[in-house]
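Please find the structures below.
Both complexes shown next keep chain A, but they swap its partner, so chain B is in the first and chain C is in the second.
And then the complex of A and B:
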């Protein structure tokens, strides 16, 4: 029993998302302490946390797929706004059922993803720059569709989004769970290993008969669907349309993934994205409670929300620095391990009849 | 029956293959032999679909086929184990072996049970001791090489190409590999085996094709060849065994020792290297590719760290942590990898020549434009570099002239010790001779030169003393009348006195 526990802890330690997991746990404890455990673990508080942040977590999951495949998309933040405006406007202008509008919204996200794929994988433009440029293209499209914030979501839809299933589990949680199950399924298909191969070493993947461009297309399509779902979560949460929102989700999801332990290309897993984005969310939440605690304790103390953002962003930056330290440490451990193995083999060879010196000189 | 007929391949001016041919029968192990740059690897790459030939045809069972990429090659039943490995280090052993060849179940998922079975059977067959879920990057180089072969065999090919796979393997692993190869032979699989280890060739191969400068010189059953014959066909000369090459320490009493490397080891390639360079001497480093030559040179320069040993430069132990320190202390470094390590292609000829001077001077020192131009112009004139204008980008020059540009950059600095890593790679014969002349002249003026080269002729014509590297150790030190092509080639294959003893002992064990 203790042995299996030890083993699973050792596996966890070795896993790529370990740094993200530790950060997540720290943020969780910090948040619970600042907010008070009773309040933090209440159904209402967890529901709000999920409802508000499901979109961000989903975007990070989508981004992680691209990072594994060796590419990225900074424009997926503004793609949320695209989903938002397409869903609201098709429902409002054409009068089609809201469910159909939601599907159109997802379709729009998939189209935007394909456009980014064409730039990054087919034309081979640097992914960071190309997708950053796409941010402005999509922004233009958004404003063309909806010039000013407007529109609303049918009441029963956003009420349903804000409710809890069995009075316990928030509906938004199911959106995240569903997407994670899709990713889990995809990981078990050949695509699940091809995506790592393409991200890890495109040349060798090509030599193994895999087409990097096609694999990246699949990753972009999957990411499009996930961003579509995230856009719907956002729409149902704010229950209105705004063409210029969530733009920073793109770059933030990227840093959440890196925080969680994903590398650029072929390293890490979707779990990294979940823990990384969880850390992001909880730190922002903790900082909010920290400042309200200050306000309560020090009479006359008041700061603008900019200060809160500043503090939480500094913490996130420190978190990013920490991942560099842990990654370096892991490399060192890896190197030491290899050296040790080498020495062991040299040592083992010596007693076997051959004179040690000659065996060593031959190797 | 697999056949290559009249295959030509040129990379710009360099002819890699010239009317080469090869035919391999089912159920035989065919040795493809030749010295560095004779075109063996190009031949393998053509069959693997990584290189497309300029001319010639590929026939399988008598009918011509086309191999445009790796996928075509796989479909025709060809599997390749590459020398530089095609594994993906950040993926698990399981995923690597099954990559592109995953067994699927009805749902389109990877069939776990089937793949577990394939993996465990394969690991057992090759006696690889590792967890299928280990990342490949955590395995030892020799285990990785075994996996590379296992991965190729897992494809159940009709033709298996093994490109210098034993270079990184240990003795017992080689024996496992050979027994698998014998089994595959029974199954009627054709194999092409590239190696530099001659004792292995006689152990497993049935027939051989020997290549020299891109041409296939001779093909025949292995039994028809002796070791001397093979060296003869590879070099065009008979080895002379009467004279023994003695590893003697160079005792030039009066001359000052500029560089003294003692028992250097650099993980993982270099094990125990000692060499010495005197003032005004040209010291050559020979050997097959990947025996630790670039690592040694970069360790002297301070670009990479070394584990054990000592480097004494100019009478003092060198502790350079960065190349910039080494350059300030009078070292120069010329790399054969022009684009990666030497030339700034988009910058002007002038700036390229000044790069060395800039590196040595103070960061904010004022550099008068006129002095710069005359400095550069004199270098261009002195070394006969053909340029349009000093202001043209370096990329407008031919390869040979670009290399001369780099040579000029460093020689104009008058370094005490000049390190060259395969400086004439891909350089035309005329520029090469010019570079040789420049180097000889500098050595006469008292510069110490350490040059690594993959070309035997270059080392033989240029160097006072040649250290030959084999598997991270010095296998021979050739001076004076010992500097013959045959001795050099033999030492490069590890066939010096010591190593013959080792191989025979191992054969008995």
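And then the complex of A and C:
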């Protein structure tokens, strides 16, 4: 019994998401301590936590798939707003049932993903920059569709999203669970191992008969669907339309994945994304309770929303800083991946790691 | 068949020209764009319109000076916009419409820029994540700080003499705004830094091949961090001038300069991969950006269409200059 425990602990320690897992547990304890365990573990508080952050967790999961496949997409934050805008506007202007609008919203996210895929995989542009440029394009499209924040969601829809199944499990939890099951299933298919091959080394994958472009297309399609679901979660949560929201989800999801233990390409698992995003969510929640604790303890102390935004951005930054610790073991993998994201470098591995660049720049 | 082949070679030739002398190419593009603008709205061809083009081009050139250095060194600075906005807010707050506070302001703004640059540099080098992500995270923090410190609405105005030193017309000529005098200090300084100083040579070497640079005894971390420090300082100075041009400041006033300076620098032929690029190109690229924005205004395009346009331009630029090699060769 103790041996099996020991073994499973050793397996956990070796896994790629161990650092993210530890951070997640720390954040959980911190949050529970600040909020009071009884209040934190109540059904209501967990429901709110899930309902508010399901979108972010889902985006991080989608992002992790892309990172494993050796590419990325910083525009998926603004894609959430695209889903939001399309869903609300098709329902409002065309008068179609809300369920159908939701499907159209998911379709919009898939289309946006395909556009990013065309830039990154077909045109072979550096993913980070190309998807950042796509942020501008999608932002423009959003405002064209909906010029000012407006619209609303049918009451029964957002009430349903906010409720708990069997009075216990929040509905938003099922969205996350469903997506995780899809990922789990995809991992078992050939596609599940192909994305690791392509992310690790596209050239070798190609030589082994796997088409990197096709595999990345599948990854982008899956990510499009996930972002679509995330966008619906966001829409149901705020129950209104806003063309310019959630833009920072893109970069936040990226840092959550990296924090959770994902590298660039062929490394890590979806669990890293879950733990990394969970860490972010819990820390942000803790900050809120920390501030309200301060307000209660120090009379005359008040916090503006500016302060909360400031602290949450500082946390994102500190999270990135923390990757120095979590990523230490994988520095080499990371660095190679980074070089690939940025520079026209030969994919063949060289002993020095960076000197393939010279060959590329002398062509 | 024959004709398609000749157009192909023409296309190849023009591509070669673009890749070999992007600065000249950018100047030609700017002239063409301006000609189109004048054709669309003939009223825009006058001395004061040209004056405002000169003004904005110089502002963007100064902002993109640091970006050029950072890109040549193989990094990327997304903090330019946030630093400019912060410097603009510092300008209006410190000056508060009173003369004689230029030098304290200069000191405060430059040290702010240098601090942010140092932070950018150290974090980029030490974390080892893509500089885009790191500098973006830092610039978000700085932007939030603007709101926290000013409660969302910065006070004050730039001092009258400072405004005059930026916006008055030289010799009474409408197309010569006096920001040119500042340009005459900054532009030679950048040229000296990049082309004639030891630091500049090290930056090129670092961008071209970090391993070789390190083996040649260059302290690559220090040089890389210094590029970010310079970027922060140039951005801060541009922010001061921008505040004088705009008279008052608000939070995030110059944030778009982060993206614009990046595009301007790339139009000018500086590559993302580092080691290649000139400041002349960046100035030409800035001119293209300003003229293009004038053209979009003349065509009556609204903000969303402009956003789409800017994104597509970036993608086209990436396709022209920065494609990765095929997997299959």
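Convention: the second predicted complex is superposed on the first by the 308 of 363 C-alpha atoms of A that agree within 3 Å, B and C clash if a C-alpha of one lies under 4 Å from a C-alpha of the other, contacts with A are read in each partner's own complex, and residues count from 1 in each chain.
Just so we're on the same page, a contact is a pair of C-beta atoms (placed from the backbone, for glycine too) under 8 Å apart; a residue touches a chain by one contact, two chains touch by 3 or more.
As the structure is a prediction and not an experimental result, all values here were calculated from the model.
Chemist: Mind telling me which of the two, chain B or chain C, contacts the most residues of chain A?
Modeler: Tallying touched residues of chain A, the top partner is C.
Chemist: With both complexes overlaid on chain A, does A:193 touch chain B (first), chain C (second), both or neither?
Modeler: After superposing on A, A:193 lies in contact with chain B but is clear of chain C.
Chemist: Looking at A:125 after the superposition, I want to know if it touches chain B, chain C, both of them or none. Which is it: first, second, both, neither?
Modeler: second
Chemist: Determine, under the contact definition given at the top, whether A:134 touches first (chain B), second (chain C), both, or neither.
Modeler: A:134 sits against chain C, while chain B stays out of touch.
Chemist: In the superposed arrangement, which partner chain does A:310 touch: chain B (first), chain C (second), both, or neither?
Modeler: second
Chemist: Touching A:206, do we find chain B (first), chain C (second), both, or neither?
Modeler: A:206: touches chain B and chain C.
Chemist: One more residue to check, A:221. First (chain B), second (chain C), both or neither?
Modeler: neither
Chemist: Go through the superposed model and pick first if A:248 touches only chain B, second if only chain C, both, or neither.
Modeler: Second partner only.
Chemist: State whether A:266 touches chain B only (first), chain C only (second), both chains, or neither.
Modeler: Once the two structures are laid over each other on A, A:266 reaches chain B alone.
Chemist: Of the residues on chain A, which ones does chain B touch that chain C also touches?
Modeler: The overlap between the chain B and chain C interfaces on chain A comprises residues 206, 334, 338, 341-342, 345, 352, 354, 358, 360-361.
Chemist: How about chain A: which of its residues touch chain C in the complex?
Modeler: The contact residues of chain A facing chain C are 119, 123-126, 128-130, 132-144, 147, 202-203, 206, 212, 248, 251, 254-255, 258, 304, 306-307, 309-310, 313-314, 316-317, 320-321, 323-324, 327, 331, 334-335, 338, 341-347, 352, 354-355, 357-358, 360-361.
Chemist: With touch defined as at the start, can you tell me which chain C residues reach chain A in the complex?
Modeler: 123, 126-130, 132-134, 136-138, 140-141, 143-145, 147-148, 151-152, 208-212, 259, 272-276, 303-312, 314-315, 318-319, 322-328
Chemist: Give every residue of chain A touching chain B within the complex, in rising order.
Modeler: Chain A reaches chain B through residues 185, 188-190, 192-194, 196-197, 200-201, 204-210, 263, 266-267, 334, 337-339, 341-342, 345, 349, 352-354, 358, 360-363.
Chemist: Mind listing the chain B positions that touch chain A in their complex?
Modeler: For chain B paired with chain A, touching residues are 48-50, 69-71, 74, 80, 82, 86-91, 95, 98-102, 104, 108-110, 137-138, 140, 170-171, 267-268, 271-272, 471, 473, 498-499, 501-503, 505-506, 509.
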